[in-house]
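Taking it in order: structure first as structure tokens, then the write-up.
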Amino acid sequence: MTLGKRTGIILIIFQLALIVAFAFVATYGEEADSKNILPNISTNIYYPMFQDVQVMILVGFGMIMTFLKRYSYSGAGLNFLVSAITYQYGLLLQRMFGPLRIGMKNLINADLTSAAILISMGAVLGKTTPLQMLLMVLVEVPICMGNQYLSTFLQVADIGGSVSAHTFGAYFGLGLSKILGKPKDTSLEGPSYQTDLFSIIGTLFLWVFWPSFNGALSWEDGQQRAVINTYLALIASCVISFAVSTLTHHSNKFTMVHIQNATLAGGVAIGTVADLMVMPYAALLIGGLAGAVSTLGYVYLQPWLLHHLDLHDTCGVNNLHGMPSLIAATVGIIAASQASLEMYGPKLYLLFPARAPFPSSKELKDIQVIEEKVIPGENRSANRQALYQLLALLFTFTIATIAGIVTGGLLKLFSPWIGNVSDEDTFDDRFMWSVSDEGDLDDTKKFKSETNIQPLSNHNHHQIGIV
Amino acid sequence: MTLGKRTGIILIIFQLALIVAFAFVATYGEEADSKNILPNISTNIYYPMFQDVQVMILVGFGMIMTFLKRYSYSGAGLNFLVSAITYQYGLLLQRMFGPLRIGMKNLINADLTSAAILISMGAVLGKTTPLQMLLMVLVEVPICMGNQYLSTFLQVADIGGSVSAHTFGAYFGLGLSKILGKPKDTSLEGPSYQTDLFSIIGTLFLWVFWPSFNGALSWEDGQQRAVINTYLALIASCVISFAVSTLTHHSNKFTMVHIQNATLAGGVAIGTVADLMVMPYAALLIGGLAGAVSTLGYVYLQPWLLHHLDLHDTCGVNNLHGMPSLIAATVGIIAASQASLEMYGPKLYLLFPARAPFPSSKELKDIQVIEEKVIPGENRSANRQALYQLLALLFTFTIATIAGIVTGGLLKLFSPWIGNVSDEDTFDDRFMWSVSDEGDLDDTKKFKSETNIQPLSNHNHHQIGIV
Amino acid sequence: MTLGKRTGIILIIFQLALIVAFAFVATYGEEADSKNILPNISTNIYYPMFQDVQVMILVGFGMIMTFLKRYSYSGAGLNFLVSAITYQYGLLLQRMFGPLRIGMKNLINADLTSAAILISMGAVLGKTTPLQMLLMVLVEVPICMGNQYLSTFLQVADIGGSVSAHTFGAYFGLGLSKILGKPKDTSLEGPSYQTDLFSIIGTLFLWVFWPSFNGALSWEDGQQRAVINTYLALIASCVISFAVSTLTHHSNKFTMVHIQNATLAGGVAIGTVADLMVMPYAALLIGGLAGAVSTLGYVYLQPWLLHHLDLHDTCGVNNLHGMPSLIAATVGIIAASQASLEMYGPKLYLLFPARAPFPSSKELKDIQVIEEKVIPGENRSANRQALYQLLALLFTFTIATIAGIVTGGLLKLFSPWIGNVSDEDTFDDRFMWSVSDEGDLDDTKKFKSETNIQPLSNHNHHQIGIV
């Protein structure tokens, strides 16, 4: 059986299994239930930001991943397939933490989970089969959600999921990529003029809608800050990325891959504190710093990791998601340690619920007079909150890296069943797509023959086979 | 007079005529009227979903129709022009059913009408002149709107317009295409690597915003369900389309045209019941089924229709809109027959108004105590409602097919005035666009000469002429 | 020091300076301040339209500016960089008019300012260095904002900023371009099939979201009219642009650059009166007129200006923004002169606040009984309001043109420091971008050698240098 046939059969079995599982556990949430006669929550509260995030996941990530000159079908296509798989699987696994009554918040949470998975995919793009991706999803989603639950349990602030989605996704992906090894044939690892253009448009969608990503689950004044802080951080990371890109290029020119990625680093770096009172100048500073670190990562660290650690990272997720999320976590620790009743007013206890006074304490009652939405907490101090923020980072980083490495081992172990990508098929759409346009194939042949790789004409008759 | 000149003159006359007609019949709706001193309905209730649908119509449809390698200008351009014509003409014809006081709901209804027209266009893309398109719009819009009015009169559920827009548009287009005949020169009928990429981005926009399409005219809990059900149906049709695509390919690879289209079939198939209590698992099941049927349609049915019925379908609208909309109607019949007070509560009578008890009956008063928005109905039974759903489908299918065939006859009849596309101009932008870039023309020449078609250099000096 | 290195250093200094300035003057607005315990204004009031405008600025303008065949990186990239610079600089300069407490309205105003700057950039695209762009921003933003403030002071209607953003941006850019002179090497000044496609997708985004641009700062019934009028004006300008495009082409074919631009002219031309009671037919008429004027501008006026006045306009901003904004201003004068209490009811005084009766007059009190939001005005007559509308146009046109010419002089004066673009680098991405893909470079070489320009292979080793 070809790998392609097996892929089709397994996808169908997977989908049928999920339908059965949904039949047993999933119903509509209260606001989507016709029998609910309570006054209705308007769809509009979550829906517009949900749609913005959907554009980011499908169009933004989808387009940004088309940058490889002969892997654009796969970049957009695998992003699409993996999103569709992750959305429903992530929804189903929300059942782990309570009844699955589907409403808009469930869909937004599924989006945040899928962001982590797509980041991981970015590290191994062009080097994996669809079934390897499926196995990765099956393993990564529950671990990622479990880790998110841990953050919730620790009551840490991370409104934009910089730690729970970006740190997790990036280091899981890098762990996985380390085990899969670096590709030998890199003749197709690079953009064309056209695919670079597709990719930068994806960047622009991500840049525009990132405030919705960081603000989708926040509320009222916090949501306003999430939008404003993210907007400012992105602005500074854009400017600084252009600057550092030209300063680090041997002829002092802009490099497209930096502009496609590092301009977004501010959105990651501000994510943990986006809804906090960090002040506009600090949002700019954090964003600018992230833009610099991210660009320098593309220029210096990524080649270093490849040559010294054999760690290959197709999209540079360490630069766009990994390191900026470490900045985010650090900023989160600092912001948590500085957050005070003076700075925030009683809403401090909505943003850091564990810091609220003990149940039935006099302090709690006084606060509730001013801000009735405050619920009892554990009277956590600012420094203790900062410590919890640090713990959440350490747990996330450790769990993600180990899980990525183990998953890499699983992908190798199961390669007789789920296949792997041989050297000559790396970064090549024709491995899994019917690419019938002869004019275009000729161009590719030219690309390869210029770099003294064996002619690819036999690819046309080439099936996806188990290696 | 060249056809191009005639096109320009007729478009100007058409536009001036519409301006005069608007001057006589169109005013602002209550919520857009400065003199209205009632508390204002916020723009925000309909506007965000309206904008989502606008992105679908202009950008989504526009990009998905760029897939032909030398007809991308026309794909995006004709979609743009036909939308602009249909919007205003559809708005004007709303006058048939009452005073034309323009508000957001009117604009959304114009969008739904234009969706039907663009679907029809998909069946004959690359084979028609702009004036043929204009005549098609002039004939199709009033018939489509009349048929929609019939559905409203029959009080059938079809919130996403799967029958009234998709069934209608697809079978009208196929009827039209049957009469226009199949193209003889298909040397340009295929994508390039770049145009396939443009097209799949259009798919992603349609996929992301389809929940807004199905939910734009629903409300409260029904709108939440419309969003959730559509989202789930699309997810399953994506996964199953990838699966069936690889299973049906001779080398078990993914085929781009399936991914561009069949992944969306779930949005069509769930449209009729999107706001009903179908349950999440059923939404997945319906979407998955539609994805399979749609992909199989591209692989087996479309070539069969071409070879045995001489029925040519450029975009495969039968696969993406036709058959999935028949699934939608079938599901609608089943859902209507099963809908009960137990399952829906009193809101049953908001979703199926004809099922509400008779005026001034005791049952009605009891219901209105719980749900005051219920208005008197005709006490229709569930099975009778199902019968009406079936009738609406049969009427729509019949009216659309016959109207399409008749319109095809009109297009042929008027071809001395509105032109037609000769064999050598089929699927070729240069028929109606100034394509000045020589580098690109050379590429095309290469495509054609490889397939032993006469050289196209004379096209450069070639005017649009009446045949 | 290379120009590229200098660009990087100056961008970093600029960004750091802004961070320091924000630290001193910027805080969160009331609705984004955690300490504010007043009932919160929902983010949703302004946020969805703000996001629509963001898509226009970054994606719409970004994509439409990719049309040059070898300047697409720069088109999208400079649009991105200049937006990021303008957003934060424009926000900072809002401090000129009061405390800088950042909320959604501030962000929307920064968007409107950036629109003006990007329009100016369109006139000189391909002919300027990034540092020239930066200097332009530094000079243009305060003048543009000062002129906007003048319009506010004059209490003129211009809800979509047609005069304050479009007239200003276009004539500033044309003044600037006049001084910079026309390019000698125009071998790369033209689209390719692929870049034309990117560009038309940008057009579609601008077209879809323009109602949000014109409506973002309006409210209630006025916002509804802004949406409806803009939608109708765009529809007519689309149809008429297609018509005039084919009528003015020597072979009566559509020309892509008209469709990319003139279809949007209706959005500009309706901008000043978008929220007024102009009636649907008039919105169509205004849009259709603008589409015709804009297309004729591309066909006749733009070449005339180039050959007789040496005035080069890369994107044709005079056609899309300049002349349509003069239509907008004219329509605004007429609408202001016709606006009456009979036509508008008491809300007249919300749309034209200066027309409200004098403080503590009996008329004011009578009006406030019906419409409590009316505040005292200066009892301005309709004709006087029309005069003020005319004054605002004259001031804007004059200030913009002179400021553009002076800024052009500054750009020349400082060219030893900020560089300029030599003839051979005009419209060429490789001037400032690392374009590494050899396959694509070969294509370009072919374009150029066909037009008998010196071979460009030496470009590869070519640094950005001070001329």
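Here the chain labels run A, B and C in written order, and each chain numbers its own residues starting at 1.
The rule we apply is simple: contacts are C-beta pairs under 8 Å (C-beta built on N, C-alpha and C of every residue); 3 or more make two chains touch, one makes a residue touch a chain.
In UniProt terms the chains read A, B, C = Ammonium_transp domain-containing protein.
None of these values were measured; they are calculated from a predicted model.
Because chain A and chain B share one sequence, their contact can be compared position by position; here under half of the interface residue numbers appear on both sides.
Overlaying chain B on chain C by C-alpha atoms takes a rotation of 120 degrees, rounded in steps of 5.
Centre-to-centre spacing of chain A and chain B amounts to 34 Å, using the average Cα coordinate of each chain.
The multi-chain contact residues of chain C, meaning those touching 2 or more other chains, are 44, 48, 194. Touching chain A in their complex are the following residues of chain C: 2-5, 7-9, 11-12, 14-16, 18-20, 22-23, 26-29, 31-37, 40, 42-44, 47-48, 51, 54-55, 58-59, 62-63, 66, 72-73, 76-77, 80-81, 84-85, 87-88, 102-104, 107, 130, 194-195, 198, 430, 432-440, 461-464. Contact residues on chain B toward chain A in their complex (touch as defined above): 44-45, 48-49, 52, 69, 190-194, 196-197, 200-201, 204-205, 207-209, 211-212, 215, 220-225, 227-228, 231-232, 234-236, 238-240, 242-247, 249, 251-256, 259, 263, 277, 279-281, 284-285, 288, 343-348, 351, 370-371, 443, 446-447, 450.
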